[in-house]
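Heads up, there are several structures right after this.
Paired with chain B in one complex and with chain C in the other, chain A is shared by the two complexes that follow.
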Partner chain A sequence: MIIRLSEFFEEDLFISELKAKDKVGALKEMTEALVNSKRLKHGEGLYEMLQQRESLGSTGIGRGVAVPHGRTLAISRLTVIFARSEAGVEFDSMDGKPVHLLFMTVAPPQERANLYLPVLGKIVETVKSAKTRRQLLKASDFDEITEILEEADEGA
Partner chain B sequence: MRVIVIGAGEVGTHITSHLSEAGHDVVLIEKSPEKAEIAEESLNALVIRGNGASAKVLDQAGCQGADMLIAVTDLDEVNIVACVTGKTMGIGKRVARVKDTDHYNEGTGRSLRQVGVDIMINPDLAAALEIERLISLPGASDVSDFGNARVRLVGLYVSENSSILGIPLKEVENRLGTEPATVVAIVRDGRTIIPDGESKLKPEDHVFIMGESNTMPSIMKQLGYDISPIKNVMIVGAGPISRHLAKHLSDDKVQVKIIEIEKLKAERTAETLDRVMVLHGDATDSELLESESIDEMDALIAASNDEDTNVMACLLARHLGARKTISLMRRQNYVPLVHALGIDAAISVRLNTASAIMRYVRRGEIVSFAQLKENEAEALELVAKGDTLICKRPLIDVGFPRHAIIGAIIRGNNVLIPRGDTHVQDGDRVVVFALPKSVEAVEKMFSRA
Partner chain C sequence: MHDQLHLLVSLQDLDTLIKETGDAKRTAELESMGFSVGNIEPLNSARAHLIEKIDKRYLRIYDRLSSKHVRAVVPVENKTCLGCFQSVPPSFFSEITADRVVKVCENCGRILYLLTG
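What follows is the complex of A and B.
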C-alpha cells in the first residue's frame, strides 16, 4: 500500500503557530481546531482520550516531534491536524527537548481502508529526515507544506 | 573429533552435552569454580577451571591437536582472544560468539577472520532472523531452513477441530497433491515420534512438516493454517534483537512500533531506526497496548530483557486481540510452557545460538543442522556420495535406520519429496530428521566404510 502523506493534510487543520506553551494547552488548541472545522460529530471525549493516552507515556518521540494519536467515535474518517511552534512546546518528550512539530492523528475505531497505523508510521518516517523537519518549520504557508510533503512522498 | 569448549553457560553446556553424547571428545573450560563444578557433575566431559583465553590453560586442556575450539563465554573479547590463541596452537577450526555488531560487521569481520576467528556467531542477529522466519509463516510455531533456504521445516500445533485429525499421514500427504511434503516428526506429551505413513494425528500434537520452501505457504493453507501476511508488528523492548528485527521488517515495508520502558533507550533506538515508531512506555499496561491499537497488530514480539514482561505482554496482547504472539526466552527451561500459556512461539536465544554453532561442528558431510526446541530430535542436511550405502538401492531397500526419516532431497535445482522407490544419487543433499539414538546410524549410511 502506498501512502501519500500529502493527501491527509488539510489547510483548515493546519495551525501555523501554536499559542500554547505546554502539552495540555497544545492538545486543547489542536482539539479546538478540529471542533471548529466541523468535522466532528461531537467534541466530547476527544481531548480526554488524547490526554489519557499521554498519561501512559508521552507521544513526544524526540527531535522536536510529537504524534498524539487515538481512535474516537466522534470522527468519521482518518484526520491529521498539523501544528507548529517556533518557540517549542514542553511535551515531556523522550529526549526531554521541547516540541516544534505536532501531528495529531485521529481515526474512527473502524475504518475501511485501515490507514491509521500506516499513516502514523509514514509521519514518523517522514520527520526522521532533519531536512524535512527544517523545511516544515520554515514553510511560510500551507501550500509550501503540501509541496514539502509531496516531495517526501515522491522520495519514498 | 576433539573439541575445546570455552564457557559453561547455557550455550556452552548445551553444546558440550550434545557433542559428548554424539561420541566426541570434549574439554570444557570455565572460569567460575561454581559453574565448573555444576558442569562437572552434569556432563560427561572433562571440565577445566581457568581462563579460556590463556595459552597456559588451553595447553593444559590438551589444545595441541584439537580439531575445533568453540568460545562461547559472555565476553566477546575473551572469545576472540581464545580463538587467536587457539590459532597459534594449531587448532583446526575456531568459532566465537560475538555480540558486538561492530565486530560482526562484514567490513571489520574480515580482519577478525585473519587473526583466527573462522566463524562468528551473533546471538542477537541469529534470534532476529529466526523471528523473521516465524513471522513469514504466521500459523507456524517453528521455521528452520535447509539447503540454502530451499527446504523448510515448519512446526504446527494440531487443534481439536483440525481437518487432518485421525487420518493416516500418507493420506494427509496425498491430499497435498502437487505440492508434496513429509511429516517428519510428531511431538506428543513431550515425546518425539518419527512417524510412518500409518501414523495418525491427535489434538494438541506438535507436528513438523518438511517441504520445498516456496510451497510451504500453500501447504499450510491447505491444512487450514493462517498464512495471511504480516503488515503491522509491535515489538516490546528496544534491545539489540529488537533493533535487528525492526530494521529487517521495516526494510520489508512492515509497519513496526517499538515500546521501550527506559526513556534513554527508547530515544537512542528512535535515532537509529528510520521507518520505525519508538514509544516510551510500559508494554504490560493494557491501556497503552489498547491505545496503540494492539487489536490491529498482526504480531506482538516480546523481546525485552525481562522474561516476566515478555510473557505478560504476550498474554495481554493475545487477550486484547493481537493475531500472533512471540516471546523471547532467555532461559530455555521456560520454553515448553509457552504453548500452554497461549503464546504462539518462543525463541530461546541460547538454544538458538547453540544450534547456530552446532551447524559448524558436525562431521564433515553434514552441512546444516537444526534442533527442535522441546526435545533432542535433530534435522541434519547431508551430502550423499556415490559409493556410500545410501546410494546403493532405492530407499525402501536401503535399510534406513529406525527413528529417522528423510524429509527432502535437493538434487541440482530441484527439491524432491522422497517416496519408497526414490533412489538417492551422488551429490544429492539429503535432509534427515532423526532421534539422537539414530543419528550415528544415519551418519554411517552417508559415510564411506
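What follows is the complex of A and C.
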C-alpha cells in the first residue's frame, strides 16, 4: 500500500509549539485540538483511551519522536494531529529523552480502507531521517511542513 | 461527561484495544515499527474499574451484543447505523438527548453513538 503522508496532515490540527511539558499535558492539549476542530465532540474518552494505550508501553519511540495512537468510535476517519515542542516533552521515551515531534494518530475501529497500521508505519519510517526531523522542527509554517512531507513522500 | 453512553463508548474502545493487543500478528507489526506493546494486565484492571461505573442493565445489553457482533456500540454517520447499514429513524435525531442517552438501533439492536458532522 502506498501511503502519502502529506495527505493526512491538516493545518487546523497542527500545533506549532505545545504549551505542555509532560505526557499527560501533551495528550490533553492534542486531544483538545481535535475537539476545537469539531472532529470530536468530547475529549475525555479519547484521552483515556490514549492513556490506556500508553499503559502498555510508551509510544515515545526515541530520537525525540512520539506517536501516540489508538482507535475510537468517537472519530469518523483516520486523523493525524501533529505537534512540536522546542523545549521538549517528558514522554517516558525508550531512550529516556524528551520528545520534540509528536504525531497523534487516531482511527475509527470500523475503518474499511485499513490505513491505520500503514500510516503509523509511514510516520515512523519518515522520521527515521535526521534531516527530515530537523526540517520539521525548523519549519516556520504549515505550508513548509507540507513541502517537507511531500518531499519525503516522493523520496519513498 | 461520564454519562452512561460515553462510558459504553469507552468500554467499546477499551475492548477494541484489548482485542488488538491480543492479536499476535498485529502486535508483532507494531513492535517491528519500534513501538513497545507490553503486558495486557493494565488494560484488564482498567476494564474492571470502568464496568463498575456502568449500569448493570446496559452492561447486560453490551455483553449480549458483544457475543453476537464484533462491536456492541456502533457510530451513526450520514443517518445510517454503521452496524447494519440501515437508516436510523428521524426520531433519533430530533431529540436533543441523542448525544447522551443510550439508544439502540431499531433494526439490529446495537447501541448507537452519533458522530459529529
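We take it that the second predicted complex is superposed on the first by the 152 of 156 C-alpha atoms of A that agree within 3 Å, B and C clash if a C-alpha of one lies under 4 Å from a C-alpha of the other, contacts with A are read in each partner's own complex, and residues count from 1 in each chain.
Definition applied: a contact is a pair of C-beta atoms (placed from the backbone, for glycine too) under 8 Å apart; a residue touches a chain by one contact, two chains touch by 3 or more.
Computed from a predicted structure; not experimentally measured.
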{"item": "Fit or clash - chain C, chain B, common chain A", "value": "clash"}
{"item": "Touching partner for A:Glu44 - first (chain B), second (chain C), both, neither", "value": "second"}
{"item": "Greater chain A contact set [chain C / chain B]", "value": "C"}
{"item": "Touched partner set for A:Gln135, first chain B, second chain C, both or neither", "value": "neither"}
{"item": "Partner chain in contact with A:Thr72 - chain B first, chain C second, else both or neither", "value": "second"}
{"item": "First, second, both or neither for A:Gly121, with chain B first and chain C second", "value": "both"}
{"item": "Which of chain B and chain C A:Asp95 touches, first, second, both or neither", "value": "first"}
{"item": "First (chain B), second (chain C), both or neither touched by A:Ser6", "value": "neither"}
{"item": "First (chain B), second (chain C), both or neither touched by A:Pro108", "value": "second"}
{"item": "Identified clashing stretch of chain C versus chain B [23-31, 59-67 or 95-103]", "value": "23-31"}
{"item": "Chain B/chain C common contact set on chain A", "value": "52-53, 56-59, 61-62, 67, 70-71, 94, 117, 120-121, 124"}
{"item": "List of chain A residues in touch with chain B within their complex", "value": "52-53, 56-59, 61-63, 67, 70-71, 94-95, 114, 116-118, 120-121, 124-125, 128"}
{"item": "Chain A - residues contacting chain C, complex", "value": "38-42, 44-45, 48-49, 52-53, 55-59, 61-62, 67, 70-76, 94, 108-110, 117, 120-121, 124"}
{"item": "Chain B to chain A touching residues, read off their complex", "value": "232, 255-257, 263, 266-267, 270-271, 274-282, 285, 287-288, 291, 293, 296"}
{"item": "Of all residues in chain C, those that touch chain A in their complex", "value": "1-2, 6, 9-10, 12-14, 16-17, 20-21, 26, 29-30, 33-40, 42-43, 46, 71, 73-75, 77, 82, 99, 113, 115-117"}
